[in-house]
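Structures are listed in the sections that come next.
You will see two complexes here that share subunit A, one where it goes with subunit B and one where it goes with subunit C.
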Partner chain A sequence: MIRVIAAAAVVALFADDYLLRFLAEILLFGVAVMSLDILIGFGGLMSLGHAALFGGAAYAAAIVARQWGGDLVLMLGTGMATGLVLAAVMGVVVLRSGQLFLLIMTLLLAQMLWEVAFHWRDVTGGADGLRGLPALSLGPWALSGARALFLVAVPLAVVAFLVARSFIAAPIGRALVGTREEPIRMTALGYSLFAVRFRAMMVAGAMAGAAGALLPFVNQYVGPQSVHWTLSATLVIMLVIGGIGSLWGGFIGSAVYLGIQTYLSAYTDRWQLLVGLVFVLTVLLLPNGVAGGVRRWRS
Partner chain B sequence: MKLPHQRLTRRLALGGLAATTLAAPARAQARPLKIGMITSLSGPFAALGESMRGGMRLLLTQSGERFADRPVELIVEDDQARPDDGVRKARKLIGQDRVDLLCGVIHSGVALALRDVVTEARMPTFLLGSANDLARRAASPFILRPTKTNWMLGSTAAQRTHQTHPGARVVTAASDYAAGREFVGDFATTYQGLGGRIGRQFWTPLGTPDFGPLLTAIAAERPDSVYVFFAGSDAVRFLRQWKEYRLAGRIRLMATGACFDQEDVLPAVGDAALGGINTFHQSPTAPSSAAFVEAWGATGKGLPGEFSTTGYVCGQVIRTATERSGGNPTDWPRTQQALFDAPVETAFGRMPFDPRNGQAILDIHVNEVRAVDGAMVNTVVYTFPQIRDPGPDA
Partner chain C sequence: MTPILALNGITKRFGAFTALDDVGFTIRPGEAVGLIGPNGAGKTTLFNIITGFLRADAGSVRFADRTIDTVAPARRVALGLARTFQTAMVFPGLTARENIAMAVRRRAGDGLRWFGGASGTDAASRLLDDAGLAHRADTLLRDMSHGERRIVDALMPLALSPRVLLLDEPTAGLTRAEGERLLDILRRQHAGTALLLVAHDVDIVLGHCDRVVVMELGRVIRIGTPAEVRDDAEVRRAYLGSPGGC
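Let's look at the complex of A and B:
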């Protein structure tokens, strides 16, 4: 942990604005991927609607910020509340089903949110999205620069990681893994599958919501793309590359994906092919993602 | 206790090294003018983005890769027609590649998303999206717009209808997204302002596979004229079905230029487009674009459409900006003033810039699709000279 903080401090001191903002974005996406990992990796709940939680919180934060200013606490609160509410709605609707139905139901619900974001022009800006956001602030301090955003994203990522780790290590997390592996036995042991999964969903929602709330301030923009199902799919791809079942793999996955997209696309128009190749190679050679590979290599 | 400390310092050193090398700006002996272009090379507008890049490349080749004796380096980035990705690419061009100027963008959403980013970074930008807001509430002192706004096409289409068919009852049909809403909204407002009658307004989702129901509904309305906005594959499908449903020739069809784009649409629909009227800032038969049309044709690509011309014109404006600022267009107030002081001669015609919002003032042509040697060609039949967006007054 000290090493992480030291590394972050060094980066914050030496990296330029562009890199800091890019790293902040990687961290925010990483938190979203990590929260998705709780569902997919530990709960076996394959969701294609995670962008609704992440992007929905981004919209909520942007709308609130335009009204009442970009206070960090207010933003995180708004984001987490939105994530919780959306996750609760999604949980109630989808968690009675499983497997393919769950996948389709999450996809449908998320697309409904996209429809709302796309058509409710007065509130969400429609296809144009929302811009002209105030700067993020904490009390009297404005957190507008890239360095400030990075320094907000790092503790958020660290706290989210610690929360996720302790959730997984706690009895509820073990029970979640149990519902994935042996649902019938878990029911026989007296666990309610729904209750366990619903709680996992809520934690994931709050986490994705907190990260999503900061996204508009990194991009200075939020648009319907951020609640579209293709972003959900991107999050899943990041998760697979990083490593399903490894919490910090989420950060690796988002770094690899965004890195390829941002850096290699200058050299080739076919960068998506490259993402595909990385994806296939990951599945073939590193079934547990980069994180799994690193773990195997270490041991 | 000792081991972790050693590892910590090694990491520190490595991290610091990596951070400083990444942060070090690119230094060169004779500094070329770096131009960053953001356009859509994948996603729904891939063909248009390819054309835009082609137009810009043609101009660079013609200029010997030098503007005002300064070598020019063009870096093109793909936004996938997605605002978030466009923002990330803009940051990369500004922060990492350290470009001197930014240009490009097809998707209005991307253009609006970039507005705050380039304004905060104080990055001189030639922004090519066409949402009205870019010339109005979202205008920025760091953005010049050497292209149309949607209002310019919608309102001139209404004026033309009023000129040739006064009193005609017009129904409208358009793709249901931001651009469609603006084109049709501006058409309807202007037309009603001139005393015209607007019938029903139809909206179809972007990427409609079958226009049959829409066409039957239009036929049932029996209007004098239809005003439509569809682009790309939507336009192709709409025009083909327009002919199949035998509405061609019975109802007067008026559209925005994109619906009859010379490069993107006309080769794919053939004579189904014959007789279509459209208002556009681009036409292969406009006298101002003759030289460009010939040069473009010499590359073996046929007649140019909107976005190849737009890319070329953007290059022309940047070249002029470089010349007028003595090879240093990044001296932005001076460059801007030089462009405001005198119009630029471009393939879109004589182009003055409106000092209020940096928006180009353009000739808008009324094109009729005619058969020339078996090919469908947008032929200029009338020109609205020097149309200026109402800008902040709107």
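Let's look at the complex of A and C:
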């Protein structure tokens, strides 16, 4: 952890604005992927609606910021509250379903949110999205520069990782793993599958919401693509590349994906071909993702 | 003595097939009751109805003087009704200690705690020690033998300190000696728990149970002591076969 913080400090001192903003985006996406890992990797709950939690919080933060300013605490609170509410709604609707139905139901719910974002032009800006947001701030200090955004994203990612790791190590996290491995046995031990999975959904929602709330300030924009199911699929791809069930693999996956997207798209429109190739190679050669490969190499 | 578990007129149909037809019997606190019958007799279906995994078409299940027909399976466990399954249902990616700790935490009401480390490992260790598996406590279940997995599988519901424990073929796949050892462990670990035991090895059932219920084609055809059941002509015809069959 100390090494991570030291590395972040060095990067913050020497990297240029473009790189810092890019790294902040990686960290925010990494937190969202890590929260998805709680559901998929530890709970076996395959979701194609996670962008609704991440992007929904981004919209909520942007809308609130336009009204009351971009106070960091207010933004994080708004994002987490939005993530929690959306996760609660999603959880109540989908968690009594299993496998394929859960996948489809999460996708449909997220698409309903996309419909709202796309058509409620007065509030969400419709297809154009929302731009011209006020600067992020903490009390009297403006956090508008790339360096400040990066220095906000780093502690958020560290805290989110510690919370996720603590959650998985706690009895509720062990129970979540149990519901993935033997749901019938868990019921026979007296655990309510819904209660366990709903709690996991809430933690994932709060985490994705906190990260999503900062995304509009890093990108200086939020649009309907933020809640589209294709972003949910992108988060899953990042998770697979980074390593399912590792938590920190989410950051690797988002770095690989966003790196290809950011740097290769300058040369070709077909950068997604390379993403596809990386995805296939990961599945074939590193079935547990980059994180799994690192674990295997270390052992 | 008031029965801890009372089944009354349990009937279950799957389409035109009647799996259970007016099944009824009682179990007293601390009593060990064997449930035997040929394949298709309805034993597992009855287990599923008692534990709430299936809903009966008719009849009722009373547990501790309370009708529990509409009570969810997880809630029935909280009332004191625990079970095993025909195949060992364990968590292969967790160690033996963690498997049992999952049950210990549930019993202690600590299974859904958000933060802090996983508890219940001390009690789990004691159970494993009593069962002679202390040296395997930190082994993943996927790396254990079938017999060891079976013992862990049976220790999990036992760790819930149930008032009634339903054991569905706990000795399947075990040698006679392993099966006897497992049942000895179960009786020793929780002498006050009533047992409802299904096993194909009739000698094990007759040797460990106070009473035996014999089923055939979804109906109860005999209830009695092991000696009475062993000597019953209809039971011999339906299940035990030749006079030397058990």
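Here is the rule we go by: the second predicted complex is superposed on the first by the 299 of 299 C-alpha atoms of A that agree within 3 Å, B and C clash if a C-alpha of one lies under 4 Å from a C-alpha of the other, contacts with A are read in each partner's own complex, and residues count from 1 in each chain.
Keep in mind that, in the parts below, contacts are C-beta pairs under 8 Å (C-beta built on N, C-alpha and C of every residue); 3 or more make two chains touch, one makes a residue touch a chain.
Note that this is a predicted model, so its numbers are computed, not measured.
J.: Looking at A:206, would you say it contacts subunit B, subunit C, both, or neither? Reply first, second, both or neither.
T.: Neither partner.
J.: Return first, second, both or neither, reflecting whether A:22 touches subunit B, subunit C, both chains, or no partner chain.
T.: First partner only, subunit B.
J.: Could you say whether A:80 touches subunit B, subunit C, both of them, or neither, answering first, second, both or neither?
T.: In the superposition, A:80 touches no partner, neither subunit B nor subunit C.
J.: When the two structures are overlaid on chain A, which partner does A:169 contact: first (subunit B), second (subunit C), both, or neither?
T.: second
J.: Which partner does A:136 reach: the first (subunit B), the second (subunit C), both, or neither?
T.: In the superposed model, A:136 contacts neither subunit B nor subunit C.
J.: Given the touch rule stated above, what does A:256 touch, subunit B (first), subunit C (second), both, or neither?
T.: neither
J.: Residues of subunit A touching subunit C in their complex?
T.: Its residues touching subunit C are 166-167, 169-172, 174-175, 177-178, 181-182, 184-192, 195-196, 199.
J.: Spell out the part of subunit C that touches subunit A in their complex, as residue ranges.
T.: 51, 53, 72-75, 77-78, 82-83, 85, 89-94, 98, 101-103, 105-107, 110-120, 156-157, 160
J.: Tell me, which parts of subunit A touch subunit B in their complex?
T.: So the residues of subunit A touching subunit B come out as 2-3, 6-7, 10-11, 13-19, 21-22, 25, 126-129, 131-133, 219-221, 223, 225-226, 258, 261-263, 265-266, 269, 271-272.
J.: If you look only at subunit B, which of its residues touch subunit A in the complex?
T.: It comes out as residues 4, 7-8, 11-12, 15-16, 19-20, 22-23, 41-42, 75-78, 82-85, 87-89, 91-92, 94-97, 108-109, 112-113, 115-117, 120, 131, 133, 138, 177-178.
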